[in-house]
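You will see chain A twice below: alongside chain B first, and alongside chain C after that.
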Partner chain A sequence: MNFDAIGEALPSFVEGLQVTAILLAASLSLGLVAAIPLALARRSPRAWLSKPVWLFTYVIRGTPMLVQLFLLYYGLAQFEVVRDSAAWPWLSSAWFCAIAAFAINTCAYTTEILAGALETTPAGEIEAARALGMSPALAMRRILLPSALRRAIPAYSNEAIMMLQGTSLASIVTLLDLTGAAREMNSVTYLPFEAFLTAAAFYLALTFVLVSLFHLAERRWLSHLAPRR
Partner chain B sequence: MLHGYAASLLEGTGLTLAVAAASLAVACVLGLATAAARLSKSRLARALGATYTTVVRGVPDLVLMLLVFYGGQMAVNALAAQLGYAGFLDIDPFVAGIATIGFIFGAYLAETFRGAILAIPAGQREAGLAFGMGRLQVLLRITLPQMVRLALPGFTNNWLVLVKSTALVSIIGLNDMMQRAGQAAGATREPFTFYLAAAAIYLGITTVSLLALRTLERRYSLGVRRAA
Partner chain C sequence: MARPLALLAFLLTLALPGAAADWKRIRIGVEGAYPPFSELAPDGTLHGFDIDIARALCTELKAECQLVQSPFDGMIPGLQAKKFDAIVASMSITDERRKAVDFTVRYYNSPSRFVARKGANLGVTPAGLKGKKIGVQRATIHDRYVTDLYKGSQVVRYTKQDEVFLDLASGRIDTTLVDSVAASFGFLKVPAGKDFEFTGPAFEDPKYFGWGSGIAVRKADTDLRAKLDGAIAAIRANGTYKRIQDKYFDFDIYGKAPAP
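And now, the complex of A and B:
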């Protein structure tokens, strides 16, 4: 182990850490916000609402995120309409494509998690809302959604951790995230163990941070379902 | 529509499936061994198993793959130099890909297998022992057959994620379906068409796997009573 080389490369790893954190935060928050209405549509009794959402999550969850990223980053350039459009400076940037691909991906998984949580709402909660005279919309806003969002936290924490690891794909489309910093260090110094083990240590630390954050969230919002001691 | 690249894509699909199947075999062996280690009486074995599953599941596939590919190359050549070999050894991306994906999914499968073993009532094992079966016999005749049913749902998930992870082997230079799609995209300047074709093939693999494993699941659950 050449610790001097690691020390020298540390600043670029710290920059990479910031890029990874931004990619993760942006894609997770966009994905979650979009997933809430989609989960409601997925659970809707109207087929024209639920079927397209089902197809969306099935296709996204059935294909690798790498393909989705390449479709956006390399694929869109095929169409002249896209190249000539006003949005092209955005659509041709690696940052935009990476965040978009990651957000779409996590949105599909989150939609399924939320739809599952909505489906397993205890019947008593719905009956209580109805007995209090709440309209369906009010019951959704005040009872079903908050309850489902809470119960989705454990599954969602897994999704967030998978997403953290997924952001490493950003290095393939030239972004200098943690993995990008490691690849750069490897190609400059030819020290693969030092480079990739350092990146692995950073990811492992980030994973533990996420795990403890979600642990806190569960204690805050899910303690009413914890086993009694 | 695919400008004559369909055959190339299909050939790449074969390689993708070969990588996936070989990695799955490696992962199953590692997963069973690790599940056994995590359930054993030895504190050292339990600690090693827990470290393996925690570390591997906390680091991106891509990082591990690059580590095995570049690091493995260096380690193999250093070892060869020690043994007095003067030439340069190349690591085959096929072997590196299988080793890495197998190593990663061994950790995920270990958790699936461990959960399945824990879900088998202890009385089953005790009944086997009471009948005078040996411990190996109990494992082969009682534990493993019941474990299959309990592990199948988790196994299905792991397999689906594994197939999608094989797309990463194109990054270390393996001529799999993804890389062939990239080559065709470059030659025809139609990247969207070819990556969409790649997506469709992955979706096809996923769909067939789901249907097959669901049939298998039904087959293994024949003896289980379901409420309503």
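And now, the complex of A and C:
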């Protein structure tokens, strides 16, 4: 183990950590915000609402995120129409493409997680809402959605951790995230073990933070489902 | 009782270093994404000047050639991890790389130049490219050169030169510093590169650009290096080199040795 080389590369890993954290925070929050209405639409009895969402999650979950990122970053840039369009200043940015690809990907998975949680709402909760005379919209807002969001936390924490590992793809569209920093270090020092082990340690630390945050969230919002003491 | 012993014996043979290599089989690291030197045909076979040279050297040494594809930034680590025994990947012989690996004599030499959009009128000095985005392939001599000297520019690094050309064509980067032959064949002569041209002079500072492209081997394998040196001289002398060169280029790719 060459600790000197790791020490020398540490500042670029810290910068990489920031890039990874921003990519993760941006894609998770955008994905979650978009997933809530999509999950409602997915569970709608109206086919024109639910089918397009079904198709969206099917296509996104049916293709690798790497392929989606390549399509968005290199694929779209191939067309002159795209390069001349008003969206080009956005699409030409590696940051925008990476966040967009990651957000769309996590949005599809989160939609399915939330839709599943909505589906498995205990019948008693719905009956109680009806018995109190709540309209379907009010029951959705007051009972079904809050209940589903709470019960989705454990599955969603998995998705968040998978997304953290997924952000490592950003280095192939020139962003210097943690993996990018490791590749840089490897290309300069020819020490792949030290380079990627350092990156792994940073990812592990980030995962630990994520797990702790979700643990707190579960204690706060899921305590009613915990066994009574 | 016999079985654990046999297993132990088997594991020991795995752990022991192989018998003194007679180099009847040489595993060669190649890139496969650097036309016209090394590229992957649609049917999955490897083609190009590097590939033909590697095969010709193996034939000369009466050795079996096993080509192993690897990204360029993983070449030297891959060599040291014994994924392959030699690198034939248009790798420039530089003092910096010599700290990690040994090189044969060169097997070709071509200068590096900047490529930019026609009429962009970029000055290619560090001052002229201040604030501009320069794309380079990671871990190459071009990466080292612009990283060290073009401090005012934004250096964007890619795994493959193909990707640099894609982003140059789409306008995400302003210019790239690249081997002139790779630029000419891989970009300027294909439709995607029709609006682009070389700009500025050829760069040949040996401190960064080295002494031409050579074959890298592990420092311990001095016998392999000597064999490959001999084989390069042999194919230069017997016409094989010329035949391979004429397949790809209408000029002398062997080039001159840069002034030390």
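Simple rule for what comes next: the second predicted complex is superposed on the first by the 229 of 229 C-alpha atoms of A that agree within 3 Å, B and C clash if a C-alpha of one lies under 4 Å from a C-alpha of the other, contacts with A are read in each partner's own complex, and residues count from 1 in each chain.
What we mean here is this: a contact is a pair of C-beta atoms (placed from the backbone, for glycine too) under 8 Å apart; a residue touches a chain by one contact, two chains touch by 3 or more.
Given the structure is predicted, the values throughout are model-derived calculations rather than measurements.
Asker: Looking at the superposed three-chain arrangement on chain A, would you call chain B and chain C a clash or a fit?
Answerer: Clash.
Asker: Answer with first, second, both or neither: which of chain B and chain C does A:Ile172 touch in the superposed model?
Answerer: Both partners.
Asker: Once the structures are superposed on A, label A:Gly62 by its partner contacts, choosing first (chain B), second (chain C), both or neither.
Answerer: First partner only.
Asker: Does chain B (first) or chain C (second) touch A:Tyr74, or do both, or does neither?
Answerer: both
Asker: Could you look at A:Pro45 and tell me whether it touches chain B, chain C, both or neither (first, second, both, neither)?
Answerer: neither
Asker: One more residue to check, A:Phe208. First (chain B), second (chain C), both or neither?
Answerer: first
Asker: Contact-wise, after the overlay, does A:Arg183 reach chain B, chain C, both or neither (first, second, both, neither)?
Answerer: Both chain B and chain C are touched by A:Arg183.
Asker: After superposing on the shared chain, does chain C or chain B touch more chain A residues?
Answerer: Touching more of chain A: B.
Asker: Applying the touch criterion given at the start, work out whether A:Pro192 contacts chain B, chain C, both or neither, answering first, second, both or neither.
Answerer: both
Asker: Between chain B and chain C, which residues of chain A are contacted by each of them?
Answerer: 74, 77-78, 172, 183, 186, 192
Asker: Where on chain C does chain A make contact in their complex?
Answerer: Residue list for chain C touching chain A: 73-74, 76-77, 80-81, 100, 138-139, 143, 156-159, 163, 166-167, 169-172.
Asker: What residues of chain A sit close enough to touch chain B in their complex?
Answerer: Answer in residue numbers: 59, 62-68, 70-71, 74-79, 161, 164-169, 171-172, 179, 182-183, 186, 192-193, 196-197, 199-200, 203-204, 207-208.
Asker: What residues of chain B sit close enough to touch chain A in their complex?
Answerer: 55, 57-64, 66-67, 70-71, 73-74, 160, 164-165, 167-168, 170-171, 178, 182, 185, 189-193, 195-196, 198-199, 202-203, 206-207
Asker: Over in the complex, which chain A residues touch chain C? Could you list them?
Answerer: 74, 77-78, 83, 92, 94, 172, 174, 183-184, 186-188, 190-192
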